[in-house]
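After this come two complexes, each holding subunit A, first together with subunit B and then together with subunit C.
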Partner chain A sequence: MTTTKNRRDTVASSRKRWNESGLALLFLGPTMAVFALFSYYPLYRLVYFSLYRPNRNSFIEGADEWIGFSNIWDNLASETFTAALWVSAKFTLMTVPLGLTAGICLAVAADRHLRGIKIFQTIFSSTVATSVAVASVVFTTLLQPENGLWRDVDWLSLNKSASAIRAISVVAVWQNAGLTFVIVLAALQAVPQEIKEAARLDGYGTVRNFFSVTVPMISPALMFLAVVLVVNALQAYAQFEILQPVKTAQPLLYKIADPDGASTISTRAVFSLGLFGVTILVSLLQFNLLEKRVHYGN
Partner chain B sequence: MSSVSFENVSKRFGDTTAVDGLNLKIENGEFMVLLGPSGCGKTTALRMIAGLESVSDGTLRIGDQIVNDVPASDRDIAMVFQSYALYPHMTVRKNIESPLVARRSTRLPPPERDQRVAEAAGILGLTEYLDRKPGALSGGQRQRVALARAIVRRPEVFLMDEPLSNLDAKLRTQTRAELVQLHETLGSTFVYVTHDQVEAMTMATRVAVIANGALQQSGTPEEVYDKPANLFVATFMGSPPMNVLHGQIATGTSGLEAQCSVGTIPLNSAASALGAGAQVTIGLRPEDLIIDPDGHLQMEVSLVEHLGHERHLHCSAGTTNVVLRQSSSEPSAAVGDRVSVRADSNRIHLFDPDTGNRIQ
Partner chain C sequence: MGTDRHSEQPRGIKAVGWYSVLITLSAIILFPIYTTIVRSISSAIPYINSLKDGSGLVPVAVDYGVFGRVLQNDRFVNAMLLSAAISLIIVTGQVLTSTLAAYAFVFLEFPFKKLAFAVLVGTLLLPIEVTIMANIETIRDIAWLNSIQGLTVPFLASAFGIFLIRQAFLGIPSELRDAADLEGYSHLRFLFRVAVPISKPIIGSFVLISFLGAWNQYLWPRFAADKESLQTIQVALRNLGKSEITDLNFGYAAALLSAVPLLIILIAFQRQLVRGLTAGAVKG
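Coming up: the complex of A and B.
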């Protein structure tokens, strides 16, 4: 009797599990399809092109040519890749800390009840609504080497690689500050009023209050920004393409997009995998370093 | 320890007056409860003591010092917030220690700090939770951490803004008693804001009833309950609230009486100051109404509420409704029964129908 009941229970629970799995698949399906089409398949093709040289000759039938893992190692060790990686790294180091700091300062300044503060909040956050391309075009009026307003500022000259990175960083800092502003302001406004008041009564001064109470309370937003801004900086392209008359500074994505047609598709596929790897590594590093300092929820 | 005094203090937010000419002296070591309905200005008054709101008019003193322009952090006070306002990223130890380390200039040396934290945690039974974060504590424990953070700085005045309102009923009862003990242990001045008259009655050495930004009455809980200064205080204090009837003074066969629509209520000699024919508002506490065959008010029982230790009888006659409080040991009436109700003539409250002020 008991055995029959147990068996019946087992059948019922296994049917329930199947039903639940089906439901889960139904919900996951659309996302999985989009990921498969736009992420997993392109990633597979990248790996494929890193290992095979495609047969471009449509008249002669033939399989793509196996070029092996050496193609990956050789390209990743090449001067082209390392130089571009260095440009991307410098660009990231210049734009992320400065953009974050500027955005946080603006958000702290604008987080108060004043007449007309909404106007400032709108102005400070307007860079979020500006695309990289538009921002770059706007900044050409300042940076353009022949007739830009800053044409005589030597350390922001677009004609030399080192100063070009600095000049392009100005645009990125301007944009990062806007994104940081919006997110940090929202995070600041979510800090309960009573906690701010408790800190005042405890006797924290403005600076200590900010670092001891406010920063930990908004740490999830700061962590998010640190990761997103670094990923964005590593994937910068349009600013470099639009602002520079002569492309002296070429970051990783420039080498991958390769508007000059300098590299084969197999080389560019390897560079893409390289960028993918660098992004993952840097993000993991950030998570490892920052996660312990981030406080989530109550 | 310090006294706190409001001298004609007002607070305005734009066109709204939250506190209107408040005069109140909170004595040294007193447990003063500011009691009133939501939006009456009691929290604003408390926040002015804390320095979280500025004073629009009048003078506010802590001890002998006028503190109108003294910043919150320089007032020797500690506040317990309704939501506890603990720092969620700090451990219980760091939270309690916070007022001792916040300012570099007044920071205590580590051994003394540890000793004070241990002492505060010991008083509130938090010693074993010192290394947890607030998120891992129950509501009651968080509330204790907030109290510990307040007592660790040994302030002149403790301010509490409805600190029990987020606790369940059982814990609230227990914590009420603990707060009274804490007040006795520390001997400091406590200013406590609540809308719950039970908290006021059970904890306060003195209650200040506030309505519409103005002080209605201040006194011991017994004074406020037994001799309410006006109709607002009379109906606000007590649960179920005081029954209110309207009547006219007349001279009956056995002395002065109040004639109401539901019958005649005999008054004692204290009402003799009122001449016959005067209109009057009569206040009757539910426990001062007794079912008695010789009663003067003829009513019908419309609802019986059993609370275990006592019973509330809702009685009506025409449009008049009154509530009687009975002990459960008394025989119960049933819905629909006709009853005679007598009012204890020594416990009748009379108010001026125009001003609402107490007559006797």
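Coming up: the complex of A and C.
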């Protein structure tokens, strides 16, 4: 086998390499074009808009105006940005731990051999198929201030910023629980039967068994979920727009997408870079904190 | 619990206990769906009036006709068709570009391969939420606001899809590649006759995930189009049935009906969907 391979490699090597490069260009071209135009070019533009105020007046010829690095610092330190960051942070803290815990409970409950268990598994995973928009509309039946069923529950009122974040969190917890359920259930089912068995024979109780055997085995899945759910929460938008009649709670994405036209392009560009930075920072932090506790096995 | 490893199926009192736990949890998960069904089949004004002295948990002045009215509503039908068309374009595009790119990374030798891969990984840090503001400016510049291109082209490549399909291609035994070489297969022939058919299950999972993402997305279509005729169903849901108070149940019925295609997919392709969702999260 080796000799065939070597001969083939030496004889046709350079011609083949040349041909393959052309083919690779053809195969990768579409992907790279899309990423260049809609992932990297916008990153460049965000930096540019942060430093220059674009001249949008088509009647007056003129270059974009340099506004300098102070535009970045001023906007990141502004009340608008810090308030939005605070809303997103609270939303993240309310939705991720609760959603994770709820989803893990669902998975543990549904990870057993019972007649009809498939039906329960389908019900628990159903929130994965509902879009954020549908989930938000669904929860207006409960949360709407005038005629939702929970209209008198003061701490879930959509009319005040603090309670509005809690109310919107309910929707996200519901959805996060479904995604967590799907992934944790798959992870639980991948734990080898022998390991569960051995732990049981060692006389571990159910609870201790779960924390000292099962959790380490599914830790890669939990790590993945922690990162994905945090990033999703930091970038939430639809729930805030659809559920709130008056937008009292405005997360980062609300300031970036800016449906009310409240900020300039240069301000929103800085906010976008802020979100970019926060997302990277939080993900790195999670990797560092959690990586040591993750058991990847071999 | 028995010591025999096959006696895991709980029996008697234990089974009853687990069933009550599972039924309670199902009731909690389904509760908001139930209230949405109640709201959609209850006529709007009688329902709101009933809230004063009722629980709101039972349908009032039941009117199943609402579903028919939703299905005959131009705006709903148009939005559903638009979502279907956009999802179809995005899924087809992503599967094509991802398959070709994955093939290049696995089976082709070319300069700057590592760099190209790094470019790919980098896009994971640049989701549409981060880039939306600049991307909206870009499509405004090229007059793609309110257009099918504007709604689809930014999503015609997927790093996730490339990673997933690349993983499948890496699993193809090298003997197969060598055999194909000896047979004189060209790359294109190997791709479509061997690599793609072998990877069908993974590609199938990716089709589902890709469709789920395309159908459910909200942020981009919300801002890339403001014309009513170019609103996807997710965006249209926000305003459907908001114009008339007597139509309040209309919006709920529309939300439920818009989720039906996904529910069917979830039930029909549960295994494949789970495989796609868990890719990367669960080893093995």
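Note that the second predicted complex is superposed on the first by the 264 of 298 C-alpha atoms of A that agree within 3 Å, B and C clash if a C-alpha of one lies under 4 Å from a C-alpha of the other, contacts with A are read in each partner's own complex, and residues count from 1 in each chain.
Following the convention adopted for this analysis, a residue touches a chain if its C-beta (ideal position, glycine included) is under 8 Å from a C-beta of that chain, and two chains touch if they have at least 3 such contacts.
Bear in mind that the values here come from a model prediction, so they are computed numbers and not experimental data.
J.: Would you sort A:L76 into first (subunit B), second (subunit C), both or neither based on which partner it touches?
T.: neither
J.: Applying the document's definition of touch, where does A:I67 land relative to subunit B and subunit C: first, second, both, or neither?
T.: neither
J.: Looking at the overlay, what does A:S39 touch: subunit B (first), subunit C (second), both, or neither?
T.: second
J.: Thinking of the overlay built on chain A, is A:F124 touched by subunit B (first), by subunit C (second), by both, or by neither?
T.: A:F124: touches subunit C, not subunit B.
J.: A:A110 contacts which: subunit B (first), subunit C (second), both, neither?
T.: second
J.: Touch check for A:R200: first (subunit B), second (subunit C), both, or neither?
T.: The answer is both, since A:R200 touches subunit B and subunit C.
J.: Touching A:L93, do we find subunit B (first), subunit C (second), both, or neither?
T.: After superposing on A, A:L93 lies clear of both subunit B and subunit C.
J.: Applying the document's definition of touching, compare subunit B and subunit C: which contacts more of subunit A?
T.: C
J.: What is the shared patch of subunit A, the residues that subunit B and subunit C both contact?
T.: 197, 200-201, 297
J.: Would you mind writing out the residues of subunit C in touch with subunit A in their complex?
T.: Answer in residue numbers: 1, 3, 5, 8-10, 15, 18-19, 21-22, 25-26, 29-30, 32-33, 35-36, 38-39, 47-48, 51, 56-57, 96-98, 100-101, 103-104, 108-111, 113, 116, 119-120, 122-123, 125-127, 129-135, 137-138, 153-154, 156-157, 159, 162, 178, 181-182, 187, 212, 215-219, 222-223, 234-235, 237-238, 251-252, 255, 258-259, 262-263, 265-267, 270, 273-274, 277-278, 280-284.
J.: Could you pull out which subunit B residues touch subunit A in their complex?
T.: For this pair, the touching residues of subunit B are 50-52, 72-73, 77-79, 81-83, 85-90, 98-99, 102-104, 106, 134-135, 149.
J.: Subunit C touches which residues of subunit A in the complex?
T.: Where subunit A meets subunit C, its residues are 1, 4-5, 8, 16-17, 20-21, 23-28, 30-32, 34-35, 37-43, 45-46, 49, 105-106, 109-110, 112-114, 117, 120-134, 137-139, 141-142, 147, 149, 174, 177-179, 182-183, 186-187, 190, 193, 197, 200-201, 218, 220-221, 224-225, 231, 235, 237-238, 241-242, 253, 256-259, 265, 268-269, 271-272, 275-276, 279-280, 296-297.
J.: Please name which positions on subunit A make contact with subunit B in the complex.
T.: Checking each residue of subunit A against subunit B gives 192, 194-195, 197-205, 208, 212-213, 216-217, 219, 295, 297-298.
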